[in-house]
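Following: one structure in structure tokens, then a few remarks.
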Amino acid sequence: MFDVRDLTTSYGPVRALDGVSFTAREGEVTAVLGANGAGKTTLLRTASGLVRAERGQVRLDGRDVTRAPAEDMARLGLAHVPEGRGVITELTVEENLRLGGLHRPARARRADVERICGLFPVLGERYDATAHVLSGGERQMLVIGRALMAAPKVLLLDEPSLGLAPRIVTQIFDLLRSLVASEGLTVVLVEQNARSALSIADVGVVLNLGKVVVQDEAAALAADEKVRHAYLGF
Amino acid sequence: MQRTRRFRRTTRLAGLLTAAALLAACGAGGRPDDGEGKAAPDAGITEDTIKIGGHFPLTGVAAPGYSEIPSGHKAYYDYVNANGGVNGRKIEYVVKDDAYNPTNTSTVTNELVLKEEIFGMVAGLGTPTHTAVVDFLNAEKVPDLMVSSGSLMWGDDPAKRPWTFGWQPDYMIEGKIIGQWVKENMPDAKVGLFLQDDDFGRDGEAGARKYIDDQIVETVRYTPGNTDVAPQLAKLQAADVDLVLGFNVPSYTALSQLTAMKINFRPKWFHSNVGSDPALVGALLARFSEGKVKGSAGLLDGVLTTEYIPGTDATDSEWLKLWQKVWDAHGAEGELTNYRIYGMSQAYTFVQALQAAGDDPTREGVVKALEKVGSTLEGPGLAPFRYSEDSHLGISGMEVVRLEDGRGEPLTPVLVTDIGDAPIEEDDSAAKDAPPANGIPDVEPAS
Amino acid sequence: MQQLLTTALGGLTLGAVYAAFALALCLIWRSTRIVNFAQAPMAMITTYIALVIIDAGHSYWTGFAAALVSGLLLGAVVERVVVRPVEGKAEINAVILTLGLFILIHAVAGIVFGSRYRSFPAPFGVRGLTVGDTPVALTGFGVFTVLAVMVVMGLLVLLFRYTEVGLMMRAAAFNQEVARVLGVKVGRMLTLGWALAALVGSLSGLLIAGGSLVHPAYMDSVVVYGFVAAVLGGLDSPVGSVIGGMLLGLSLSAVSGYLGSELVPLAALVILMAVLLLRPGGLFSHHAERRV
Amino acid sequence: MPTTTEAGEKDPAAAADGRGGPRRRWRSSVLPRHLSLAVLGLLAVTVVMETTGSFANSQLASMAYLGIAAGGLTVLTGLNGQLSLGHGAFMAVGAYTTALFLDGEPPALPLPVVLAAATLVTLLVGAVVGVAAARLHGPYIAGATLALAVAVPGVVLHFERLGGEQGLGVRMPETPVWVLDAAYFVTGSELDPTKYVAYIGWAALVVTYVLLANLMRGRVGRTWRAVRDDEVAAEIAGIHLGRARVLAFVVSTACAGLAGAVMAMAVRITAPSGFSLTLSLTLLSAVVLGGLGSLTGALIGSALLTFLPHLVTGLGTDAGLTDVRAAELAPAVYGLTMILVILVAPAGITGTLRNLWRRRRGVA
């Protein structure tokens, strides 16, 4: 369970997050939606410790991790896949995967690699290639796979659909959905592509100018024409 | 906008006013005829002090070694001052760092002459560096004595540079003496030249070629700063050279010895005086002499060189005893080295020149006195100075020695000569000069 | 023929030294995308530390080890105290900073150690070896130099390719933020990168000094040649650095022997420009994507 | 680099003019302002020169050539973001050109023509190097220019005509009688050769700075800044990156050439050892200390480098250090200051002062 309470963050005089609170339940996908600049990315960056919170709390399974440094988050069970995919293109697929499981014992890691190559066969095929040669969709699979290597409880995904063809987006979202079901993951999915996100999410949280304006079941949000028009753009 | 306009108006006004004021203040009449005016005969000298200056590389790549010379000067002047000075005047030696960079030499010489108002420049070091200031010193009529360099420029044309004097034997006569010795003693040797790529190497080569042009089979040059001399020595080795004549500085003597060892090159070596300093080079090489007797200069054994003043190896020389006494009493930190002895020997000559200029020395007086009695001065030099109205070149000769166990064993009497086609002659007259008991010269005023 | 061989062997040992220096530059470049122009004076200082220890009567190897350890520490301290604040800022700031460090360390060495020449010992002999009856222009220490550089290069390759620390260092170098969220202590990796680089730099200092003379400026020419060597190899690759160093050593030795030693710096410049303009990725790059 | 370090970038007067009137007026107001500043500067120099001794005059001459070169370098580094560690080499080109043209009795060309020729020759060399350098970035350009700085003295040694290690003496032509008369008429004192060179240096500096200031303020300057700040954006805005870089390099090297010419006359010799790496690094520290991208900063930096070593060495000697150690103090202070400036006040002296001033007036 991932819990955010009254989270507030500023960049200099600009307040990017203003008292955001919501809860992402275990085994569910929580979609965080909103326009460009609404504070979605800042929310994830603050949660994972890359940006310092000014006020408020981030809790992981009831434990306060607000002040924990970003380097410790993976060990605490939180995996953050930053925007722009975050594949280290200079390293090979294998090395990228290995990086995901740094704090795990060697044997568990080897098993994980096998499991992930099973989930994403394309990674197995390109195992020794430099990540530089991967396509956009393959890179997205690689980062998700790498995040899973940490055996996280909570997975924060930032704009996984960015720049991908709709067909690939569907493919990745389907995969994500099945992962949540099989692994019991808690997923927080930040998306501009609200329609696709809501299609796989259980809950939706809508941000505007750093504040939560609506939060509801995904289906209900998708059905609410007012919210859709005002904030979600479809 | 307001501000700009006001600013601009102020600017213009200020400009006009200043210009007007300047014109009014000094616009009176033409310029008086250019007179002598400038030479200040009494600059740098008072009733009880005389201030002189020198430029040396105290920092940078040329500093190792050379930076010790001024400390020798200072020690000797302190010694003289402690014994009452010269005619009651204490000598103050102002040393400036030029990092062996002519630009800096020019700056610090300006400082010495124009700000410190020194009486004279003494022992300014280096050919490229001193070249930068020699014309200035002559134009300002500042005595420029005992330049620490063996270039011919300091003394071969007194009409052009009347205020400048050399001190050490110039590289050309050294080249001649070495050349003649090789011709007479090793007529069958195939000679290779190992030269520093400047006037030092060039003048030395010119001197040597007067005698052994036909024996020289290969010439290589190194650039100071590039410490890898293996390619140069490999070239000499390939030419089957069996005698290397080195006109190089001491660090390159050590480097060439080490490199020759590395590449299995075993010729006979003849290093010019500048590069042979057996104490320094010996100490540098001692580490590599592979278990020979306690820190001896084993690697240098058998190396030929020349000497023109007694150095630290001349343990029974009265001069060395004097220098040691002076250094122990007035020296800075560190030991007595040949660089410091060089400085003290120059300082000794300067004190003589000052005495020769009389009770009230003037800049011109010193120069005249050196021209008049310079060739008769008795000092540590093994050969007399060539100072006269026609030549400002320094010590006229040297002896050829072989280094054994860190000491120079003379192979020849003192040989003296001059630049050009002057013959080489034996002249031991100055070699027997001994220092006065109190260690301070006593030269009669020249006039 | 003999001259060619001697020049080549000399170039090889010299090249090994440039290679070591290029390795150090490459390490820092990999970890912080900074070219450390102060590498040479840093190595000079650690060589002096070794010299002080050896002159105090300890063995060569004690001094050798002390120099490497002090290099490690110096690198870490410099990264933490001086370089950390400019990491990720405009490239030019880091360059100016390391140049400032260059001038400062130089001057401090001049003040502390004085500027006279001192000789530096070398193990394994400094006399040319003989193979059968033929003397060759290679000393025991020269062989050690080449071997030491090869071993260090090998160790670095192993470190980067097969160990977790190496992987983390590379990750930290390529993408700090991603590395952080994956649990890499980026700051520590950067410090480690500088420390290792300074250690390798110290090694190059010791290898240049061995059997030769040292003074505060004795490493200065290596600043330029080491940089050229690193660029030849692509700045990013330890193996490339070593090959680049060797090639440069051979070429410069040949220029010095056959054309004149005053042209050596010019030759280095020409080689550098040719590589930068024709093969920006270095001689051994597969994909020329580097922005130079 | 923070944009606030540029000379008068946000000067209230200029900004006010720019807002207050049509573009034409903004442009036309800059030149007179620079010119009046120049006249004022020359007057100040004259006053200082006439009230100080010969040594101070010679120091002012050094400051002038350092200032000219630093001005050029600050344009390149501060405004265009290219770092050159090889400006000493370009000064060498200017200096050697001057020495060659002044060789001969009387010299073949009048002095202003010689200065122009030195500038032009260096400019051509700079153009060649600039074309290559424009393709490089950051540490690569630094390394390449570093190699250049080291290579040029070697090249000089290679050609006999250039005098080898000893270099070429620079024969300063006789001061023309009308200049002597005019100088006496205005100042009431004799114009000695030292002072003459110092005046030439400062005249050259003022001309250079007026030209540079106008360039910086104009379209060209904006182009350079745009390239420095964001290449991609600049390219999208239609700026030819390579051309802008080469132009900045050429302008900057032309300054170095002129500086070299003045240096040759002030030092009276050009020798390879005068153009060591130290010179290039000295120039760089001048612009960093003063504040990158600011002409005032370059001038302040060169003043510091002219007067500081003297001061620091004096302090060291007074504190009882040996001559050798005292001599190392000056570089130690530079090095330390360079580091501190980058760490604490990356805007340099001028930038920091300006920021303080703004903060006090509550503008920022």
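We call the chains A, B, C and D, going by the order they appear; numbering starts again at 1 in every chain.
Following the convention adopted for this analysis, a residue touches a chain if its C-beta (ideal position, glycine included) is under 8 Å from a C-beta of that chain, and two chains touch if they have at least 3 such contacts.
By chain, UniProt protein names: C = Branched-chain amino acid ABC transporter permease.
This one's a predicted model, so the numbers in the text were calculated from it and none came from an experiment.
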{"item": "Chains touching both subunit A and subunit C", "value": "none"}
{"item": "Chain-contact steps, minimal, separating subunit C from subunit B", "value": "1"}
{"item": "Chain whose average C-alpha position is farthest from subunit B's own", "value": "A"}
{"item": "Geometric centre distance via CA averages, subunit D-subunit A, whole Å", "value": "54"}
{"item": "CA centroid of subunit C to CA centroid of subunit D, Å", "value": "33"}
{"item": "Rounded Å distance, subunit B centre to subunit D centre (Cα mean)", "value": "35"}
{"item": "Distance between the centres, which are taken as Cα means, of subunit B and subunit A, whole angstrom", "value": "77"}
{"item": "Overlap residues in subunit A, where contacts from two or more other chains coincide", "value": "none"}
{"item": "For subunit C, residues contacting two or more additional chains", "value": "107, 110, 115, 220-221, 260, 262, 264"}
{"item": "Contacts with 2+ other chains: residues of subunit B", "value": "58-60, 63, 67, 197, 223"}
{"item": "Interchain pairs in contact, sorted by label", "value": "A-C, B-C, B-D, C-D"}
{"item": "Subunit D residues touching subunit B - in the complex, by the definition given at the top", "value": "12-14, 16-17, 20, 29, 32-33, 36-37, 39-40, 43, 46-47, 53-55, 58-59, 62, 154, 157, 164-167, 169, 180-181, 184-190, 192-194, 263, 266-274, 276, 278-279, 310, 313, 322-324, 327-328, 331"}
{"item": "Complex contact set, residues of subunit D against subunit C", "value": "1, 77, 81, 83, 85, 132, 135-140, 142-144, 146-148, 150-151, 153-155, 157-158, 277, 281, 284-285, 288, 324-325, 328-332, 334-339, 342-343, 346"}
{"item": "Complex contacts: residues of subunit C adjacent to subunit D", "value": "29, 34-35, 37, 82, 85-86, 90-93, 95-97, 99-108, 110-111, 114-115, 220-221, 223-224, 227-228, 231, 260, 262-266, 268-269, 272-273, 276-277, 291-292"}
{"item": "Sites on subunit B touched by subunit D in the complex", "value": "1, 3-4, 7-8, 11-12, 14-15, 18-19, 22-23, 25-28, 30-31, 34, 37-38, 58-60, 63, 67, 70-71, 95, 97, 99-103, 106-107, 110-111, 113-115, 127-129, 131-133, 135-136, 139, 197-199, 202, 223-224, 332-333"}
{"item": "Residue numbers on subunit C that touch subunit B, as the complex places them", "value": "2-3, 6-7, 10, 14, 107, 110, 115-122, 125-128, 130, 135-139, 142, 211-213, 215, 217-218, 220-221, 253-254, 256-258, 260-262, 264"}
